[in-house]
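Two complexes are shown next, each including subunit A; its partner changes from subunit B in the first to subunit C in the second.
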Partner chain A sequence: MPPTTCEVCKDARAAVIRPKNSQKICKRCFLEVFESEIHETIVSNNLFYRGERVAIGASGGKDSTVLASVLKTLNERHDYGLNLVLLSIDEGIKGYRDDSLETVKRNALQYEMPLEIVGYDQLYGWTMDQVVAQVGKKGNCTYCGVFRRQALDRGAAKLGIKHVVTGHNADDVAETVMMNLLRGDLPRLARATSIVTSSAASAIKRSKPLKYAYEKEIVLYAHHKKLDYFSTECIYSPEAFRGSARTLIKDLERIRPSSILDIVKSGEDMAALVPPEVGGSVSCAGEAEEEANSCGSRNTNGDSMDLVEKQLALNEAAAERETEIKVPTATAKPQVTGHPAAVSIHDKKSNGRRKGKIVKQVMGQCERCGYMSSQKVCKACSLLEGLNKSRPHTSIEVGVEDEEASTTLMREVAGIAISAG
Partner chain B sequence: MDDPATTDLCVDCRERDASLSIRNRRLCSACFMRYVTSKVLKRMESFRFKTLSGDDRRRLLLPVSGGVSSLVLLHVLDAQLQRQIASRNRTAYDLVVLRVVLPEDEGSTTLKGDYEELARKFSAHRILPLLDLQAVFKLDTHIERDFEHLGLRRHGSESDESFLNRMLSCATSVTARADLQSILLQRLIVSAARQHGCESVVWGHSDSRLAALVLADVAKGRGGSVPSTIADGPSLHGINSNYPMRDLFKTELQSYAQLVPDPLLAKVADSGETTAPPTAMRHTSIDTLLRTYIHSQGEKYPGIMANVVRTASKLDGRQASTITATCPVCIRLIVRSQGLLNPDGNLCYGCDRMRNDIKS
Partner chain C sequence: MSDTVTITVEFSGGLEMLFDHVTKHELTLSKHAADTDGKAPTVGYLVKYICDQLMKDSRKELFVLDGAVRPGILVLINDSDWELEGEHEYELQNRDNILFVSTLHGG
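After this line comes the complex of A and B, so read on.
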């Protein structure tokens, strides 16, 4: 069989079948077309302005590594005039983050970009390993997500930067669309697809230049560019809704490769159809969400499908019984095992039934840390409060799962770290 | 005596023994049947006597597919109309029943006999003769002009049947073929409703079916038309759509069909979702994949799957700012939201995507 020639340059030998549209093209054309598509995304959305300082949320994984590499290339080729910085979060997960941070450190040298690392332990007094020891493997992703979102903002603020770009790709966006549909979260459905998320209250803008890029093409790009990235996934458990949506997306992609972009488009259109009183609420910067990604975006949310299922069943049962006297919160208290702070981030909404009215978020400041929040105390502080409460009581420990013998010592050490800070 | 551990009384009537678990409640079969009926009739309230003015005769088209849901709907509505006759000697609406023969039904030995049996049993209503899918070319006067947008044109003196077959064989993927066929079917049913003076089509879609349709729409880039897929009320076809079974799960309808002493229903009760073993992915359509997904996940998480429709129905198809026109092929609103993915031309994204898979 004669070798296939590239469908683009009609010259070189085709080496890549584009996952996006099955086009057979050569390596050089692939790299070029991949870069130029991202360039188009950047230009048509006016993502940057000349002289802007931009922090790249870098985890060392394929997405953020490709993002950093492509942005460097495009910045030089098209003279964007950007000042690029790598910003990494150290969640404190041994055997995962410490290794991937080494990759980011090498990237910083390879791309000649300054690197800033912000650690959970400095910011919150807790590493994720300690949190997991405390709350167990279930639901710890809520903590990680809430913490990361703030940590990125704080890291950017520390650098005096107002724009953070993240490596979310088309697959992540499609997954989020399906996930929010499955768990009935219309406000998030409304904002998950937008390429720029900036809330009125937040000084820091976020964008995802890889929004239309296929995960498979990102892998191919990294491979052909011989990029140095870290491919192990987070060692803590993935989240059920994400998992379910992810499997579905992969199956759909197998049936029709364009599905991923088709879902992104569906998400964009549906976002436009979300009534303003639902979707208009300011994106809450204190929440763990689709934004918070560096563990492959799988692990961002703590509410398991079982829990939501249970709540829905209770809500329905309550609705059936409902007479004229309406008791707002009596029935549907979710049954959360373990620590009270492990309640899903949806607890506000799903305790009892929400009546017709939608409460609009009003942004203020957390009275403890000053971070913007729609509540008196921001999500991170309230999660921390739950964690810290149990610290002095290490000897009591009722109902805490997955406890390890070493935790007590770890907590004591961390306790010292806090009082010292 | 009220020891809950030993007694299993129906939680509704508290008289008979419960035999079914329905949404975490133990019910006897009589109360369960009442439950199904009341869920359907609640959705039929806009067709009560009260809403009739003067001597209006109101007609509703009920398309049956041979599946369990539409038959249960016919059964429930038939019983309602019989009660109305008994108490007032007239009905609040007339039912017109239609069955379309799809290409895959051809060669079915039982279809004709089953439909005749149905016609005998429900002879109080107007039962239309079986209609082939290609009848759409006769009943829908715009369809040939509209389908030229897909590059599909009739060859000279080609018959309706061979035009239809050629059209379907132009689809290069199973998904595009299924998409095309469901648009043809929808347009045929709506045209038939118009022809017979029906103001509304009452569809037999269960909640589970609607959830699968929503997810399939999303997966096919038709997210913008989700509201028109599942909304009750006026549609762009000029004929209303109603989904009175939207509050019931497919499995509940199957249980209902098993309980009703009716051989017609008993026959379809088991033939429901057998969930064929996953064949090769590329021979599966997106619609089939999502039907299977809803079915399999629905066993474990019925509430979550039910919630999909509830969530999707909060989307508002009337947000004027983003809506530009009606797609001539699927007759739904075109949403042109911000983003890089809007197609050129006058088709919606989903139909444009389908056209890419049609080689004529």
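After this line comes the complex of A and C, so read on.
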């Protein structure tokens, strides 16, 4: 085949076919148009303000690496005045994160950004390896996914940062749109399509600047820009590859590459038809964050949104919420009686100590950990409850009436371990 | 005229896991084995060759699905999208670089 000339500069040889419009362009024009489209997304959605501190959820994978690189480039080129920080989560899977965390550490040097790594053991009292030892390999991606969503918010809160950006791309959003459509979950459909999810119940705002970027172009950008990224399949998720909505998305892309953005746009249009009191973007952001996460977890439990609950959350949460998340100190006593719901992770006065009774039932927040939730107990805490119930009694003594305490308790144990180590 | 073509095949984006974590492979292909009457083997032939000869991993479907490169795997011929080069029909030449990069792995 004769070489094709770039349709933009009409000079260099075309190397990329853009999926969104079939345009054939050269490498240089591709890098430029990729960056400028993300700049456009950022500007037209007012994603940032000058001087804002922003945590980039960084896994060392392609999406977050490209996001970090592009944000650094744009921050300098257009003088956003952003203070960018890399935030990584260590799930505690032996061997699994070693390489990816090394990648993130190199990225931190390459992009001259500070890096913060937060472990599941610090946040939940359980590493993923321990979870897997408990529940087996099947279904553990549910844990990984649920824990991960909160982990970024908690990590950011720990740093006093109120804005987390993630590397979710157009393929991720399209996948989530399809899943929620098939499931008939309108609230979630609406939340998944919005570029910013923030909530009065949370001080942390989430956004996805790569929302309109094709996964294909993200990979090509990383390749042509020679970015240093790491790719691995979550070793606990060998099945993540097959029979998923992702496969459907990729098949559609092959037939008609523009399908992905078409699905994203359709999702947005449908979301616009969802009454705001049902699915508005102001809702349980962290909990509702799209399921298409990098672990490949495909959660299936859609919790329906309770309108009243949410209104209450909006009213109360603003007053209740603090950004600081405390890892309980070693002063905490493991032998707990009474109702642990009184202790929330953002209750400064509690300082890791229990009060005797429930002080307040805060609607819209998890009664265990204070994380925003449409349920009384957030997903992470109910998963933890199940885990902690079956944890060997040698590690911790929990009476039947104390089982609710186990979540916070485990965190305390973790806190003790940390301070002791 | 040589009877062989020597090319570099690369796997990245997680695909290298299917090839003993080796990213770069030097391959020398015979023009005769390719059933192409002494002409250069094509990328289509290469894909089949990789699947049959190079790949030890039994999970072939992670590379090839229904006889074609799995959707979600990008193919670059000398750094260009293979669709610009004729896809399967592209005739391999000495020192060509063929890159298979997965978009399917964790991001």
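Convention: the second predicted complex is superposed on the first by the 289 of 421 C-alpha atoms of A that agree within 3 Å, B and C clash if a C-alpha of one lies under 4 Å from a C-alpha of the other, contacts with A are read in each partner's own complex, and residues count from 1 in each chain.
The definition used in the following text is that contacts are C-beta pairs under 8 Å (C-beta built on N, C-alpha and C of every residue); 3 or more make two chains touch, one makes a residue touch a chain.
Remember, predicted model here, so these are calculated numbers, not experimental data.
Of the two partner chains placed around the shared chain by superposition, subunit C is the only one that A:Ser64 touches, whereas subunit B remains out of contact.
Contacts of A:Lys10 after superposition: neither subunit B nor subunit C is touched.
By the touch criterion defined above, A:Pro275 reaches subunit B but does not reach subunit C. When both complexes are overlaid on chain A, the residue A:Lys226 reaches neither subunit B nor subunit C.
Once the two complexes are laid over each other on the shared chain, residue contacts for A:Arg50 go to neither subunit B nor subunit C.
By the touch criterion stated above, A:Arg183 is placed in contact with subunit B alone, subunit C being left untouched.
With both structures placed on the common chain, the touch criterion links A:Lys265 to subunit B but leaves subunit C unconnected.
Once both structures are placed on chain A, subunit A residues 251, 254 are touched by subunit B and, in the other complex, by subunit C. Those residues of subunit B that touch subunit A in the complex are listed here as 23-25, 173-175, 214-215, 217-224, 226-227, 281-282, 284-286, 289, 293, 297, 300-304, 306-308, 310-312, 314-317, 319, 321-322, 335, 337-341, 349-350, 353, 356. Of all residues in subunit A, those touching subunit C in their complex are 1, 4, 13-17, 24, 27, 59, 61-64, 167, 169, 171, 215-216, 218-220, 223-224, 231-234, 241, 246-247, 250-251, 253-254, 294-296. Those residues of subunit C lying in contact with subunit A across their complex are 12-14, 17, 62, 71-72, 74, 76, 79-81, 83-86, 90, 99, 101-107. The touching residues of subunit A, counted against subunit B in their complex, run 40-41, 44, 177-178, 181-186, 189, 193-195, 212, 244, 248, 251-252, 254-256, 258-259, 261-275, 278, 305-306, 308-309, 312-313, 316-317, 320.
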